[in-house]
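There are two complexes below, and they share chain A, which is joined by chain B in the first and by chain C in the second.
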Partner chain A sequence: MLNRFMQMRLRDLIILAIILFALPLFLNNPFHYDLATQMAIIAATVVGLNLLVGFAGQISLGHAGFFGLGAYFTGIMTSSYGWSSVPALVVGAIAVGIIAWIVGRPILRLKGHYLSMATLAVGFIIAIILNNERALTGGPDGMPVPAFTVFGWELSPFGSYNLLGMELNGSEAWYLFAALVLLVAVWLAQNLIDSPIGRALRSVHGSEVAARVVGVDTARYKSLVFVVSAIYASAMGSLYAHFQGFITPAVAGFDFSILFITMVVLGGMGSTMGVILGAVVLKLLPQVLADFQELETVMFGAILMLTMIFMPKGLLPTIQMAVGKRMKKKAGGQA
Partner chain B sequence: MLKTILRRTGQVAAIAAAGLVMSAQAAEPIKIGSFLSVTGPASFLGDPELKTLEMYVEKINEDGGVLGRPLELIHYDDVGNASNARNFASRLIRSDRVDIIVGGSTTGATMAAVPLVEQAKVPFISLAGAVVITNPVKKWVFKTPQTDRMAAERILTDMKDRGITRFGLISGTGGFGSSGRTQTLDVVEQMGMEVVADVTYSGSDTDMTAQLTNIRNTDGVEAVLNFGFGQGPAIVTRNYAQLGMELPFYQSHGVASDSFLELAGDAAEGVRLPASPLLVPDSLPDDDPQKQVVQDYKAEYEARWDSKVSTFGAYAYDGLMLAVQAIEAAGSTDKEAVREALENIQGYVGVTGVFNMSPEDHNGLEADSFRILEVQNGEWKLIN
Partner chain C sequence: MFAEFLQYLFTGITIGATYALIALGFTLIYNASHVINFAQGEFLMIGGMATVSLTAMGVPMVLAIILAVLLAGVLGILLQRFAIAPAKQADVVTLIIITIGASIFIRGLAQLVWGKEYHVMQNFSSDEPIRIFGAVLNSQSLWVLGIGAILVVGLVLFFTRTLIGKAILATSMNKEAARLVGIRTQLVLMLAFLVSAVLGSVAGVVVAPITFTSYDIGIMLGLKGFVAAAIGGLGSGIGAVVGGLLLGVVEAMAAGYISSDYKDAVAFSMILVVLFFMPRGLFGAKVVERV
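And now, the complex of A and B:
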């Protein structure tokens, strides 16, 4: 029974759903909900990035650029042009998808460091534009973003809501919304991974030449997954902007791109649950370490370094492997 | 080794526990929250601000606290990042439940926290410069530094006094520079002056000769104004001297610190800028109401930290003192009462200027709280 459950395709999704909906039992003030909501949004972004990095084996150091574009598209359209949130999110995501496709075709021909450099440049260019178009984006000091609205119904972190007879404050409502979004993001990603496209992508990761020999149109699949991960980033950027209520060009900055890629590597490349864990750990650490003051940065670096030295595959895959070995030993002993 | 660590931890825990018991016996502390850019690119703002807050909270507690209650400073480092600032503001308000917030080193960090502060109804005194923070007025948000608009007004008034009406503007593309540029262009129209050349540089540029040559070759330019902070303005100043430009040269208050003199060296000779009187405490006339406050702050800060005083720390000094004065006037830490008291503070003599708050003005300073200084023989000289 347990074994069959462990082999189910939707196992991870169910476990994640249980964790997400049990979590509120441990959250006791709106600040915790605040953090959890951000984690969910960032985790969904990283799940998208993982499709590109973990499955197709392509590095993107400019992903925050797409995230920032989505955030700013939403910010500008909803505040200056009076659009509703959903159309802004969707149109923004489509626009970013097209941009990703246009820049993706040529740069995905590059490999290794050259590909990293090219994506890095794309991220930088987007950040520079957001910084300098002061009339549109408010420049380096940022711009305010109105609350998320659907058909005149407003989801604000400061409102209060009634869901099936339960009284919810704005932070709790946002958390539930973000948790649902994360589940949908994971479900879509897992379906993509288990589809023929996913298999083609993994073959590209394994050996691009071999993949081409067996008839995989590698260029097409690579730009497809690049576009998909950019759309993930853009959509999550839009939600992030609504949730934060204020955005600065730092959301499209280099630091943020590096944070994303670190989450993927730390959590475990190619493991959807792993990268979510990576996002949670990296969002949580600065808050936990804040009490150590000057030592914060040193400890942060040390933790990352030690994890990479002793767990080069990432947090979750290493843990899973250790647990798997144990269980096998146990099973062997019994037989 | 491990044993020593364990023993140390034990000792620390014991001391902490003793501290807890003691503070439980004493009156409940007044919690002052702060998020500052203590490290990262804006650390030259956050570092002196934090030192000032720590030092004066200690001092006030030694003198018996406020309303008979000690102050407790809870502070976080936002590393100059706006989304961190928002998270820490959220933590201060919702988890630490502070009574008032004094912080926000940069405009971005401040503005990111504003929606939260307004909704949670917590008085917030910002230490950042741009005019957007208090214009339009936000019910719960105050600030202590003069706005960049006032700096622009002060500089342009001084130019006009010297008979200059047409000048070249060079500004950084960072938050400070680009906001300053917008304000300058706005003030220029009102004062009937004209910006004949308008060029920018980015924070990481290492040579601004091209931009300056552009200004020099513009017809009818009578002076040059640079709005920016960090290393950029020092490089502009050096390039200016290298090009042998003879026009009067103005900098903004963004570089009003002694480290600018070190960075720019001889090239800074003759540069004028608006600044806090803190840079020239001893040249202030004796009847200047700020003289005593300024001299005391400088002496106390330098004695305690063994480093040069900075105008940015003074913003934190004024912020803390305004908070204390408001809590005393309100007679409690009731947030609405403190907010109202803050709004009604009149004639508080601070290091930055004399504050006269009102419901329409949450900054409370006038443009003439800036003094115009000129660099002469490698030192600041008070002009007016």
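And now, the complex of A and C:
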């Protein structure tokens, strides 16, 4: 019975939901809620990136570019043009998807390090444009972004809300919203992975030539997943902009791109739950290390290096393998 | 008009020579181990920063430079031995993350030892600029070009005339076969990182009087070196030199004639255009993928 449950497709989603909704029991101030909200939004971005990196086996060192485009599209449209949040998010995501498709077709022909170089370049170009178009983006100083609104209803970290008789402050409300968004993001990703498209993608990862030989249109599937992951990034960038209330070009920058890809690799490429763990760990680590003050950077680098050297498959897959071996041993001993 | 052009050209060639040295470092390590070393820029930083701090302690310039280069070399060997070698079965992306971790680690150490300030380094010779057809040439530029040229010639001789250089080449061509003929490939890989670190740190020292130096200078310089290496074609020595010079000149021209805000965007657009038409860079070898 337990085993059957473990193999269910929805297992991960249910576990994640339980964790996400049990977490407020351990959070007791707005700062914790804000950190958790950031984690959820970033985790959803990384779940999208993982489709490209973990399943299709393509590298992107410029994904923050798409995240930043979404954030700035929302910022500009809602503050300067009076758009509502949802249309801004959706139109932004579609626009970014189109950009990703145009850029993706030629770039995805490249392999390995050339692909990482090209994606890095795309990310850089986007960040430079956001940095320099001062009239539109406010330049390096950044720009304020209004609160998230749906049909006149406003979700602000500073508001207070009433949900089914429960009094919620703005941080708590944002957390619940972000948790729901993450669940939807995971659900969509898992559906994609289990679809024929997902199988095609995995065949590209295994061997692109073999995939082509059996008739998989590899170029099409690679662009498709590139576009999907860019849309994830753009939509989450929009939410991130609303949540933070202020954005700078750093959201599209190289450091952010590296952070995203590191979350995927550290957590475990190809494992949706793994990359969420990666996002949580890499968001938490600086908080924990902040106590070490000037040692912070050194320790961060050392932890990153050591984890990747000793767990090249990533945190969650390594843990799962260790637990799996244990359980097998136990089962063997009993029989 | 012409003076202006010449001025941009001088600037471009000087910075381009630095990019070329960084790109050569990338190429060396890439050839030997198929790793893109994102910590390459940190060797430059170590070269510049260690020289500055040693001379501040009263060590004569030449000795300070030698010590700084040695320090970077040791770091290169340690990087290979303790970070790259243990993870040789890992994915390409995993190796990238490892070298990024290493670069953050080294940068953190530098920040700890040398602080976050910018440091100024003296020109090697006179501060008097040289005037040619109305353009001004910093005397340090001549040092950059001269030392760059010596290093490139030295590398060519090293790879064609010495047994050790040939051993590195053999390992990069076919590791198994190299091992069969008695080459100690692990040693060779360490050597490749050593040479690469030496190249990087020398570049860092000669360019420091022009660009200044600080603990985080390696990030952007390292990336530019990667761009140069990719333009030229990863693994190609000529490609690295041509790619570096081309990148430097295009960047300087873009900064001069278009907008200095967008000079980096021009550099990154150039790599996209090159890769669009030549997916393996200008001089990259055609490789038939084996299935």
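As a convention for this text, the second predicted complex is superposed on the first by the 335 of 335 C-alpha atoms of A that agree within 3 Å, B and C clash if a C-alpha of one lies under 4 Å from a C-alpha of the other, contacts with A are read in each partner's own complex, and residues count from 1 in each chain.
Assume a residue touches a chain if its C-beta (ideal position, glycine included) is under 8 Å from a C-beta of that chain, and two chains touch if they have at least 3 such contacts.
Please read these numbers as outputs of a predicted model, since none were measured by experiment.
Enquirer: Output check: A:Gly245 vs chain B and chain C. Expected answer is one of first, second, both, neither. What do you get?
Expert: first
Enquirer: Which of the two partners, first being chain B and second being chain C, lies in contact with A:Gly112: first, second, both, or neither?
Expert: Once the two structures are laid over each other on A, A:Gly112 reaches chain C alone.
Enquirer: Just to be sure I read the superposition right, which of the two partners does A:Gly142 touch: chain B = first, chain C = second, or both, or neither?
Expert: First partner only.
Enquirer: Regarding the shared-chain residue A:Glu296, is it in contact with chain B (first), chain C (second), both, or neither?
Expert: The answer is both, since A:Glu296 touches chain B and chain C.
Enquirer: Once the structures are superposed on A, label A:Val228 by its partner contacts, choosing first (chain B), second (chain C), both or neither.
Expert: A:Val228 contacts neither chain B nor chain C.
Enquirer: So in the superposed three-chain picture, is A:Val47 touching just chain B, just chain C, both, or none of them (first/second/both/neither)?
Expert: neither
Enquirer: Just chain B (first), just chain C (second), both, or neither: which does A:Asn132 touch?
Expert: A:Asn132 sits against chain B and chain C alike.
Enquirer: More residues of chain A are touched by which partner: chain B or chain C?
Expert: Counting residues of chain A touched by each partner, the higher count goes to C.
Enquirer: Go through chain A and flag every residue that touches chain B in one model and chain C in the other.
Expert: 131-132, 296-297
Enquirer: Where on chain A is chain C touching in the complex?
Expert: The contact residues of chain A facing chain C are 53, 59, 61, 106-107, 109-114, 116-118, 120-122, 124-125, 128-129, 131-132, 207, 209-210, 254, 258, 261-262, 264-266, 269, 294-305, 308-310, 312.
Enquirer: In the complex of these two chains, what residues of chain A are touching chain B?
Expert: Contact set of chain A toward chain B: 29-32, 34-35, 38, 131-132, 134, 139-142, 144, 157-158, 244-248, 250-251, 255, 286-287, 290, 293, 296-297.
Enquirer: Okay, in this complex, where on chain B does chain A touch?
Expert: For this pair, the touching residues of chain B are 39, 76-77, 81-84, 86-88, 90-91, 93-95, 107-108, 111-112, 114-116, 119, 130, 132, 173-175, 178-179, 182.
Enquirer: List the residues on chain C that touch chain A in their complex, please.
Expert: Per the touch definition, chain C meets chain A at residues 30, 36, 83, 86-87, 89-94, 96-98, 100-109, 111-112, 219, 223, 226-227, 230, 234, 259, 261-262, 264-265, 268-269, 271-272, 275-276, 279-281, 289, 291.
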